[in-house]
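Common to both upcoming complexes is subunit A, partnered first by subunit B, then by subunit C.
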Partner chain A sequence: MSVGSGVPVIEGRKLAKSFRGPGKQLVQALDDVSFAVMPGTLTALVGPDGAGKTTLIRLMAGLMIADAGELTVLGFDVKGDPQAIQDRIGYMPQRFGLYEDLSVQENLDLYADMHGVSAQDRRARYPMLMEMTALGPFTRRLAGKLSGGMKQKLGLACTLVRAPDLLLLDEPTVGVDPLSRRELWDIVSRLVREEGVPVLLSTAYLDEAARCEHVMVLHQGKLLSQGPPSAVSGLADGRVFDVQSDGGEPARELQARLLDEPDVLDASPEAGRVRIVRREGAPEDPGAGSAGLRFSPVPARFEDGFMVLLQPNAGQAGPAKDDAADMKLEHPPAADAGQPVIEVDKVVKRFGDFVAVDQISFQIRRGEIFGLLGPNGAGKTTTFRMLCGLLRPTSGGLKIAGADLKRSPASARQKIGYVAQKFSLYAQLSVAENLDFFASAYGLYGARRRQRIDWAMAQFQLGPIANQLGGQLPGGYKQRLATAAALLHEPDILFLDEATSGADPLARREFWRRITALAQQGVTVIVTTHFMVEAEYCDRIAILDSGRVLAQGSPAEIRARGATASNAQPTMEDAFIAVIEAARAPSPNERAA
Partner chain B sequence: MLASLRRILALIRKEILAVLKDARTRNMLLIQPVLQCLLFGYAATLDLNNVPYAVLDRDRSTASSALLAKLDGSGVFHRIANLTQADQMKRLIDNQTVLLVIQIDPDFQRRLSAGEDAPVQMIADGRNSNTAGAALGYAGAAVDSFNADWRADHGLPPSPITVSPRAWYNANLETRWNLIPALVGTITLMSTLMLSALSVAREREEGTFDQLLVTPFRPVEIMAGKAIPAMMIGVVQATNALLVAQLWFRIPFAGSYVTLYVGLILFLLAAVGIGLFVSSIAATMQQAMLYAFVTIMPFSLLSGLTTPISSMPAVMQDFTLINPLRYAIDLVHRVYLEGVGLDRLTPDLWPMAIIAAVTLSAAAWMFRNRLE
Partner chain C sequence: MTAVPPSPLAAKARRVAALIRKEGWQIVRDPSSFAIGVVLPLMLILLFGYAMSLDVKHVPIAVVLEDPSAQGREIAASFQLSSYFNTRVTRSMAEAQEEMLSGEIDGIVRVPADFARRVAQGDGQVQLIVNGIDGNTARIVEAYAAAAVAQSGARLDAEGQDDSASGGQATVESQLWFNSANDSRYFLVPGLIVLIITLIGAFMTSMVVAREWERGTFEALFVTPVRTDEILLGKTVPYFLLGLGGMLLSMAAAKFMFHVPIRGSLTALMGVSMLYLLVSVATGLLISSSLKSQFLSSQVTLLVTFMPALMLSGFIYDLRSVPLAIRLISYLVPARYYVILLQTLFLAGDVWSVIWPNALILAVVAVVLLALTRRATRKSLG
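This part shows the complex of A and B:
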């Protein structure tokens, strides 16, 4: 493959593909999509859930045939010769088929066998892959025992056992912590830069798209834009402002308020301030009519342009946004703000010899949004599961809403709501049946139960899909249903375990809109997330690694810990990585001395 | 208490919905027992009909013809070859053309008339020992009948001892009568054990078990909510199998339905206990499925369904004591064919109660412990 030459490696002309949905209706997954991917480039495919990203990648891999249009990959017609393409590309699907009961080495060997890689080629290839993925020390470990990030790296290594002419990656960084995400990106960029392999990947992280040379934005099956990322960010030029409150209003509440402004297309909290994108045709002076707020223009980012691209109907707020803002509890928790509702005192959790959580302590006050962050395997999930009562601490004190989980777990559980990492309601039951069941599980019956279910149906707009099966809902709706079920009994405390993992930027905005509204009414929220931008919504965050709390404080305080001479304004992600690396560095005391 | 009951009811409703909503699962559970009964009723019979046999009749006398007429007229045997040479026998047996060859010596009639012993040789294909044994038995009966006739016709006194067999509760000794009622236990054991073993494992795999555990459900309530629906489905299945036995195969029901269902419910409790215990130790559905299979196989083999327990080695007989199916089959036989009441079923009832108590408490303990 010659690098940089003018012949596209992938070229699609007027591609169309439709499927039969669960209700037998026709879903247009791709509609009139034409594009070209040039050799030696890194291309990102972005768009909300259900935009058609996976379908397009599967078409390119020759695993599906388009209904209409032409698609050539590496010069081969996909329709005519899919095998010729599959022999030359590397393709990593969203859930890569690792064999969990085989070791890292056995998985690699298996994929090498399947692709017919010769012993000689393996000798040359394996050390390179091991060096690249840093999996060398773990070759004997079972794949099932690897952390999420390491699994993804192993998946990538298996995809690369044979040097491909083109690499297709479907959301390779979903559910991966910031550290592993950075490592994966290092691997991918090395492949493009040093080996000249063209890579096309889909992603829900818009900052990742900004790092690519070429970006394709898909929405509802249509290609809205293709070109360098600057073409997308350029759409928001002159419309992005940094807003600061003189009155010290928390960024989260200011953000919620600003989102309701008719001129504001998008708002997100950032570094204690709020970043807004204004609608097209908004009055010249952004500050007019908003006393006590200071607006300063800032350069547009890819994400800003993306929001402009997806919400073209200027002057009219998106429907999801408004409804999410109306989130009202009927019986908000008693207003005793400032009282600790969760007290964690020197909690230890051991699994055999392994200390998963080592003497952690923190307190969470009523109405707070508390973020639990940390790389995969930091003890974050263990801590979270202990807080929910799914695990019992080996030692230490744990009080939830004043109750000791060891003594009265059933009554304490009545006060909590839990939204799990992956959809964990009943896939075989309909939306209404799921809500029915969880209402009963929380002891709701009679008129009250009907009232609460109606509330959930209305708040989360589940009415139109009440009879669809839980398992067949699109991702965004699953997430809404899970949140609705967790709120039926109006809990004092809401636990969200990577609830937005794999969700697209729009769904995440809507989700946080609801969470912010709940916190304003006194609900205490505990979240874990791999999206560092989401940490900005928290009042306080704790960063965990190796079972210990490394840092605790407001987002601004944490962010300050990431500041260096070269990077005075670190992002939350920079700060996160800095905190983890400082703790992992060998003997920091010596260095200080 | 009321709140607890409401929660259990909600779980039961959810379980039944989840199982019966899917048309394929529903059909599997409700039609499967009927199909199994029909299949076993027709295919798995030990009664012999149309046994192919060959004859090497070197005598060709009226006596030998009369003997063969007895065989041909029994309704069991079907003569397919008359041989002329001894070496033809081997080929027919080897390629399984016949199950039995009867060889009559040239002096058969002469010896009989002279009052001497007249041996008749029967060669059976012993590769299938059960069938060969049964065929030889039937052939022996035909010979006895010939003997009796011969004695009467020739004015000889009858044999000093005559056996007059009478099989109670199954006068014609039909395998079906034995097998189909036993299936009521076997089929329900398989389904309830599988259902309960998989139900928790599936929830664990799909993450819904965590969701269940963060709600106010107590482990005991979850157990009850899992056990009761599986038992309800077991009762429906047992009923389906009973209907096939009575309406299709016309096997007369001698006992009381109340007695039968009381026994069945105790049996289902034991089966669900085993299922839930399997579920509590399995981490994945695949494991639960494997555990359930390795439990079901020995349970059915050592239940007396196909081979009598009394003819098993002593160690195996001891093992059957912890097998609920053994008691269930005995119970169904006795109620269905013999018509006994609960008072005489205690030897079957209390072991099942003990098995249920032990497995259910072990499962409850495991559930609580897995939370740690």
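This part shows the complex of A and C:
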């Protein structure tokens, strides 16, 4: 394997591609993109949602033709002979089209037949794929009955039924829990290392990009940077600090405060402290004027450089971050902070013989941000649905804001706001119409309704886009609209179900700034997320697996459980994986489903 | 990897076989394909074969016998003997009228008090009142009643009890002619075969290609050595075979359940049916490939194949009696040619002067549709 030498496996010159949007307007998905991918390398294509990643990968796979520019893959011109490329590469689309009514084995066989893999080669290849993906015990299971992570692994196995000359993976880890994510990464890095297959993958996870040899940063159809990850992290060199409060100020509040500082470009809570990236040209001494704070310089990471790279474009991605911080509730929930608002007592939920939730108990206090983490199929969604009054627990006690959910789910639901994983507002309605509809759905009318809609428009800066259709909003705005709609009826409790999945880092930062502001005013927030870094914003976390609570406590307490001799300062992700693996250890195959 | 690479043709054949096998598994495992492919044809056969027969039997009527003479009783008896009526004899017109109003009976035959006397004068009249809500049934009842009355007249003649043989009964011949069309199944069942083939061929295919687009299964499949024509073949063959099964099922039902005669040759019947099946499958594929949405293409397919096959093929409505504009449109409906072929082959025989031109039209349509489908399907996402 020779990195960065030889003829490029993929070479693009001045590529452009545009689409007609839903309103017939032209959307420039790719604009003047030139790049080269070298043989034997692992290349990451990073960028927020809608940056053009999928379009670029589809161009490489010969599934689309560029409007302008030249693209050669494995020496073939994509425009002239897409089939020659399709004969040779492996491609895993974002939503891999597994045949759900076919078994794992039948899916593999189909792709082996498509690629003309001989019976003899299959005998050698299949055991290796099964070992790699740990799908061996499930070959007869229908693909539709696999968990999200297992589906992704099967999709990958299908593209690997024969050794491809090039592997293209479109967001292979999106919506996948940290455990499956780590397994997928092991497979991919083995391929590059041992078989020398060049791999190009797109991802929204910046830590994944940092693990690649070559990174291309795509933003709004333009290639902002390409090179080794260090080229990007280098942009933030000398500007990254670890900030600690002497007064014991909670990391989340400190983060919110620092983010509002004019010198600070980015701030995020991490391990009980706050990591900041300072703006270019900020005064030499970071600690000047901030008493009681200790600043220690730390090496820049890919993510820090990425924020520096994207910041000049921040104006388009969202409003200035201070606006998010100014978020004010009209009637903050009654100030009995510290009282439990959600009490879950030995709750069990069975579906037939299957125990989805097994005797879970926890309490959430007013104004807390509570994180519910767990791998796919751990019982998070079931728990969420019970808390929202959409599912009745089989047994156990469930109280929301003092009301027993079993007896009066309707009155409890009045106190709840819900932001779903997928954009669940009406794509055909404008922003104003969506808010209007949800206000009526919550039973608001007359002057009160007008007042609430005005509040939402003002607090979420939706005024300038009031007449745009919901479906045409950029990702960050969609999320903002969904949150605004969920807050119209002034709920005491806000549920966020993977609300930031696939969102760009800037939008996520702004989103969390608002959530922090809400919690400070007494709103109780419950979140699920696959971004372990977001768990750092929580006051407390519970880790679920197989329907049971495996660990519960503050982020610092949870993180401590991941500490090993070799890793004294584990990340939240390390801790998460350690907790799950410790619980699964006795019979890994049994619970893998 | 492989020591001896297989020839391109063998590799092609293997891919097509794999796609057909895959489609087969999906048909077997997806309850909705089973419902459309097997349950629906069976239901249609039973529904059209039994319930939707255009014949009328066991109509409840009352005979109001105001004249208890031999002539009057003879009329009542001829109704009682007929299997078309469930007859109740009463003496009170008021009672019968009440039953008619309450819907217990569909007709009243009133034999007036002076019936015997007027028959003797050559002017015997029976009053017939029919519930006209269902016009079709009413006309049939009317005709049967007239026939029943005529029969009684004929019997009286034969017995020589009536010297004025020119009895005042309704025209007999035309009613008897109508009566002989006794089995409307003779033309309903061939029509049914058209519907079933249309349903399986077009309707199912229209769902299965769009399903691949909707579920994103095509995207991964496209980036393999598979060629467009192989994908199309992999879709055509399984549904063609499934349609063949439905076709044989309905032909067997025609022959053994409804005893429709098959006067033409079985070979010709199979040949033209396969042609029409191919037309249907190609229509479904074309719609599906163009629209890429299951809901949309199933609706469009219903609209452009099933409904015309039902309404404009000459299966239910005689195309000679429809307005000219509609008749012209009906020439665009492939089902029309197939209905002609089926009616000929079932009821008339191997009339080659009818078979050749109609079969040729179907063949041309099939080829054109397949060519259009080939053009509409590209390994591209736009």
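Miscellaneous remarks
Assume the second predicted complex is superposed on the first by the 547 of 593 C-alpha atoms of A that agree within 3 Å, B and C clash if a C-alpha of one lies under 4 Å from a C-alpha of the other, contacts with A are read in each partner's own complex, and residues count from 1 in each chain.
Going forward, a residue touches a chain if its C-beta (ideal position, glycine included) is under 8 Å from a C-beta of that chain, and two chains touch if they have at least 3 such contacts.
Keep in mind the model is a prediction, meaning the values are calculated, not measured.
In the superposed pair of complexes, A:Arg95 makes contact with subunit C only, with no contact to subunit B. By the touch criterion defined above, A:Pro82 lies against subunit C but remains apart from subunit B after alignment on the C-alpha atoms of chain A.
Put subunit B and subunit C next to each other and count what each touches on subunit A; the higher total goes to C. Of the two partner chains, subunit B is the only one touched by A:Gln428; subunit C is not. Within the superposed three-chain model, A:Leu398 lies out of touch with both subunit B and subunit C [touch as defined at top]. Residue contacts after overlaying the shared chain place A:Ala441 against subunit B, while subunit C stays out of touching range.
When both complexes are overlaid on chain A, the residue A:Asp109 reaches subunit C alone and has no touch with subunit B. Legend: residue contacts after superposition of the two complexes on their common chain; A:Leu390 is shown touching subunit B, with no touch to subunit C. Common to the subunit B and subunit C interfaces on subunit A is no residue. Across the complex, subunit A meets subunit C through its residues 19, 58, 61-65, 82-83, 86-87, 89-93, 95-102, 106, 109-111, 113-118, 120-121, 142, 155, 158-159, 162-163.
Note for the complex: subunit B touches subunit A at residues 3, 6-7, 9-11, 13-14, 17-18, 21-22, 206-208, 210-218, 371-372.
Across the complex, subunit A meets subunit B through its residues 385, 388-392, 410-411, 413-414, 416, 418, 420-429, 433, 436-438, 440-443, 445, 495.
Residues 1-2, 5-6, 11, 14-15, 17-19, 22, 25-26, 29-30, 212, 215-227, 379-382 of subunit C touch subunit A in their complex.
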